[in-house]
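Next up: the structures, one after another.
Below are two complexes that have subunit A in common, paired first with subunit B and then with subunit C.
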Partner chain A sequence: MMNRVFAVAGGTFRESVRDRLFYLVGFFGIILVGATMVLSPLTVGAQAKIVADVGLAAMALLGLLVVLLVGANMVRKEMERRTITTILTKPVGRGEYLLGKYLGLTVTLVCMLALMGVLYVVAVLLTPATLAWSHLGAIYLILLELLVLTAAAVLFSTLAGPALAAVLSLSLFVIGHLLDSLRDFGALAGGVRKAVAEVVFRLLPNLEVFNIRAEVVHGDPVSAGHLGMATVYGVAWVIVFLLLARAVFARKEL
Partner chain B sequence: MRYRSSKLVMKKPELARNESTAAALVVADLQKSFRQGFLGRRGKPAVDGLGFTVQRGEIFALLGHNGAGKTTTLKSILGLVHPDEGSITIGGLDARDPRSRAHVGYLPESPYFHENLTCAELLDFYSRLLGLDRAQRREQRQICLEMVDMQDHADRRLGQCSKGMRQRIGLAQALLGQPELLILDEPQSGLDPLGRRLVREILLEQKRRGTTVVFSSHIVPDVEMVADRVAMIRHGKLDEIKDLREAATKRLFSATVSAPDEGSPLDVALKNPGLTVTHRRPERWTVMAADPASLAELLTACTASGCAVHDVQTAGGDLESEFLVGLETASPMTPKVEVVS
Partner chain C sequence: MNVGSLARVVVVVGLLAVLPLVASSVRSDEADSSRDERLYYPSGDFLRQATLGFHAPAADYVWLQATQYYGGYHRGEHDLRYFDHLVDAVATLDPGFVEAYHFASLVHCIDHGDFDRALNVLQRGILANPSNWRLHFDMGFVNYVFKRDFAVASQWFATAAEMDGSTDFCRRFAAFASRRAGDLEGSLLLWDNLYQTTDSADMRALAEKMIERCQETLSGAPQDGLIGPPAPSNKTTKLKESS
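This part shows the complex of A and B:
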């Protein structure tokens, strides 16, 4: 089974490379250079904070861009072009196909974040600050968040066209980061609104779990326990989204 | 699941491992309609109670007009659409089981592939899906590219390939791993005459190797030239399954020849009960031959006696006439006349 999954994953990764997605890494480098050379001199004494803040935010946003452009389009594009028919008429199960597509994009994201991470580390080392482990922890959590969003994008891609799937994925990104605030507002409002906010909080992934950028920028420590908990939380959501995607996709007429 | 060793590639395909006596494909009472509109109501059946059995090693054609339900039938066989009713087995295995497709090759109509891949990379990708190892993949790629006459274009990107070349590469990916059952949806569409001949030759070659071939077409001559049996489908329903091997022996031929009215050198040949003079004008006879052997005798006699042969035609019983007649009678555009006694 895994041979077929890896074959689909390999094809997806190769397609990402050929689609020149890795040009985004170059774009990230330009952003970092801009942050270091242009913004840092304007903020005396906070050069390291600026590099960390801009660098991590750019990494997260460029990763999100890949999820929206590729992940939300991944399955639907193959359905519309009908390339999927020749794949699924080989002895490949629909679940194997989805898992392969997901893993292919995961490898793409890991490679991209690894390359951006190297540039980021170099940029941080060029500042007076020392590189703490929390920087790498933040990059790891950005990757985890992107993997959750990718799984959601795969689900949306089986349900809707590329544009709608991208909008749904972006909405999940925005709402996922506002869930804590939503819950707080619900608690303040009370009654039905509190119950609704609580339901939404439970039904969607809380993406703030993966956001430790503020701690990194301010040099606060990040516990290994938090990273472990976030890993379990992220993997659980990935499994939920992929199982839902598989259930939807199994009924799809191609 | 591992495919068999590439060393066996050129050999006759094996029978299904567990069902050596099972037919290659059995479709029974297949029914499929698609949901339409916002409410998703089921529309008119695209396929309505279709059933047929394809024996191992035969070339079986689905012949029907555009929208007759050929592609829906093939997609149902391949598990791409889910039938409302009916059952499908491939080599004795339920078609819903992905393992049933382990030895099936499929070419969709107007295939489209990732444009960034080269022809060789594409075949390598599909070989990996079949579970072939590196050496087998390389060998299969070579064999299949040669089969479709694309060996000189292995490194060409699909985005730079013409429609005909893509069709050939599509056929090559269907042939990977020497499938036992080859399912082709309009395999000759978009091909130039050379390409069409190549496809015909490949199908006949596959049959010689023992591969079962099922293909759809709406072009009668394409079907007549290669198929052993043909299922004629009209508006989602099976109209008739015709054995073309049998039909070929029953076909009538009409020949127009020049022969003198008196003392014709053809007199001896015309004593053959399979030959009948149906029309006689001065020095111009129309002779009906009941079978190919009688026709051959007539033509040999003409050649030997120096009589000119003006024309030879199939007369009646040909597939195209039957197909068109049936199509006209079954067409929803044809007004129905009720006779009230």
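This part shows the complex of A and C:
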């Protein structure tokens, strides 16, 4: 089974290379150089912080861009091209196909973040900041957040066209970062609104769990416990989204 | 190249030449209103929600605007009316942004002459960053240099000196402030602490000199001012004698 999954994943990864997704790494480098050389004279003592902030934020945003442009389009594109029928007529199950597509994009994201991470480390070392292991923890959690969003994008991709799937994925990203505020708002409002807020809070992934960027930049320690719990939380949401995607895709007329 | 292609090139080049002029014209029309554009600047609380987990880079962006705004004040463009609002947005977006508290406190002291507001900004910074020695040092600095409250300054410097990451500089200031406040025994202890813990030979020499002066004052020896010439004697012996 895993051979078939890896074959689909390999194809997805090669496709992302052909689509020149890795040019985004070059764009990331330009952003870092800009932050280091152009903004630094204006930062009044905050150069190290700003370079680190911009670097981590750019990684998260460019990764999100890949998820929205590629992940949300992944299944639908092959359905429209009819290439999916070619794949599924071979002994590849629909669940294996989805898992392969997901793993292929995961490998792409891992490679992209690894390359960006190297550039980031170089950029931070050029500033007066001290580079701690917690910076790698922050990059790891960015990856984890992107993997949750990718799984959601795969689900949306089986449900709707590329544009709507991208909008739904982006909406999940927005709501996922506002869940704490939504819950606070519900608690203040009381009544039905409180109940609704509580339901939404429990039904959607809280993406702030993966956001330790500000703490890391300020040199605050990040516990292994936090990384471990965030990993469990992220992997659980990935499983939920992929199982839902499999259930939807299994009933899909191709 | 045929006539059609040439015409298209001319149109593109012409538009590229004209569009910057149009943009400049629009900007100059807005120049009168730009004076008050910070009036409509969103609050830090709103920005924190709106930036979706990217509040630290958003704080950096507002910080760059705040420093540009301060530059505008020095060019005579405005009276720094909205500086507090920008600093508040920065501190709300990223409470760990120590440079913002530091810079804002100096602006309040130097440009507004409002030392209490400077201390309030620093207090806010300390509440958000209780283990940051630099903000404690800044509290001492404002009290020492601007408010001339040497006793309070000495306490803040001493607190900063005890914190992780602080430098000899803090202990040196604590001892100076303590001496200026008339607390010679406290000053002596602080200088002695600096002498014992510093890695710098220069700092150790300075500490030794100041210990001798404090001891001379305590023993009633004639002084020729606050900072007189040190007497050439053994520091450790003098410390034992004084205790």
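Note that the second predicted complex is superposed on the first by the 254 of 254 C-alpha atoms of A that agree within 3 Å, B and C clash if a C-alpha of one lies under 4 Å from a C-alpha of the other, contacts with A are read in each partner's own complex, and residues count from 1 in each chain.
Following the convention adopted for this analysis, a contact is a pair of C-beta atoms (placed from the backbone, for glycine too) under 8 Å apart; a residue touches a chain by one contact, two chains touch by 3 or more.
Values in this document were obtained by computation on a predicted structure and should not be read as measured data.
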Open item on the list: After the overlay on subunit A, what do you see for subunit B versus subunit C, clash or fit?
Closed with: fit
Open item on the list: Contact-wise, after the overlay, does A:Val54 reach subunit B, subunit C, both or neither (first, second, both, neither)?
Closed with: second
Open item on the list: To the nearest 10 degrees, give me the subunit B-subunit A-subunit C angle using C-alpha centres.
Closed with: 160
- [ ] Determine, under the contact definition given at the top, whether A:Arg18 touches first (subunit B), second (subunit C), both, or neither.
- [x] first
TODO: With the two complexes superposed on chain A, say which partner A:Leu143 touches: subunit B (first), subunit C (second), both, or neither.
DONE: neither
TODO: Check whether A:Val70 is in contact with subunit B, with subunit C, with both or with neither, and answer first, second, both or neither.
DONE: neither
Open item on the list: Is A:Ile87 touching anything from subunit B or subunit C once the two structures are fitted on A? First, second, both or neither.
Closed with: first
Open item on the list: Contacts for A:Arg251 in the overlay, against subunit B (first) and subunit C (second): which applies, first, second, both or neither?
Closed with: first
TODO: Give me, in Å and rounded to a whole number, the least C-alpha distance separating subunit B from subunit C in the superposition.
DONE: 29
Open item on the list: Based on the A-chain superposition described above, do subunit B and subunit C contact any of the same residues on subunit A, and if so which?
Closed with: none
Open item on the list: If we count contacts the way the header does, which residues on subunit B are in touch with subunit A in the complex?
Closed with: 1, 34, 75, 78-82, 98-99, 101-102, 104, 106-108, 111-114, 116-117, 121, 125-126, 128-131, 170, 173-174, 183
- [ ] Would you mind writing out the residues of subunit A in touch with subunit B in their complex?
- [x] 3-4, 6-8, 10-11, 14-15, 18-19, 81-83, 85-93, 251, 253-254
TODO: Using the touch rule from the top, collect the residues of subunit A that touch subunit C in their complex.
DONE: 39, 42-46, 49-50, 53-54, 57, 60-61, 173-174, 177-178, 181, 207-208, 211, 213-215, 217-218, 220
Task: Contact set on subunit C toward subunit A in their complex - done: 49, 52-57, 59-60, 63-64, 67-68, 94, 96-97, 99-100, 102-103
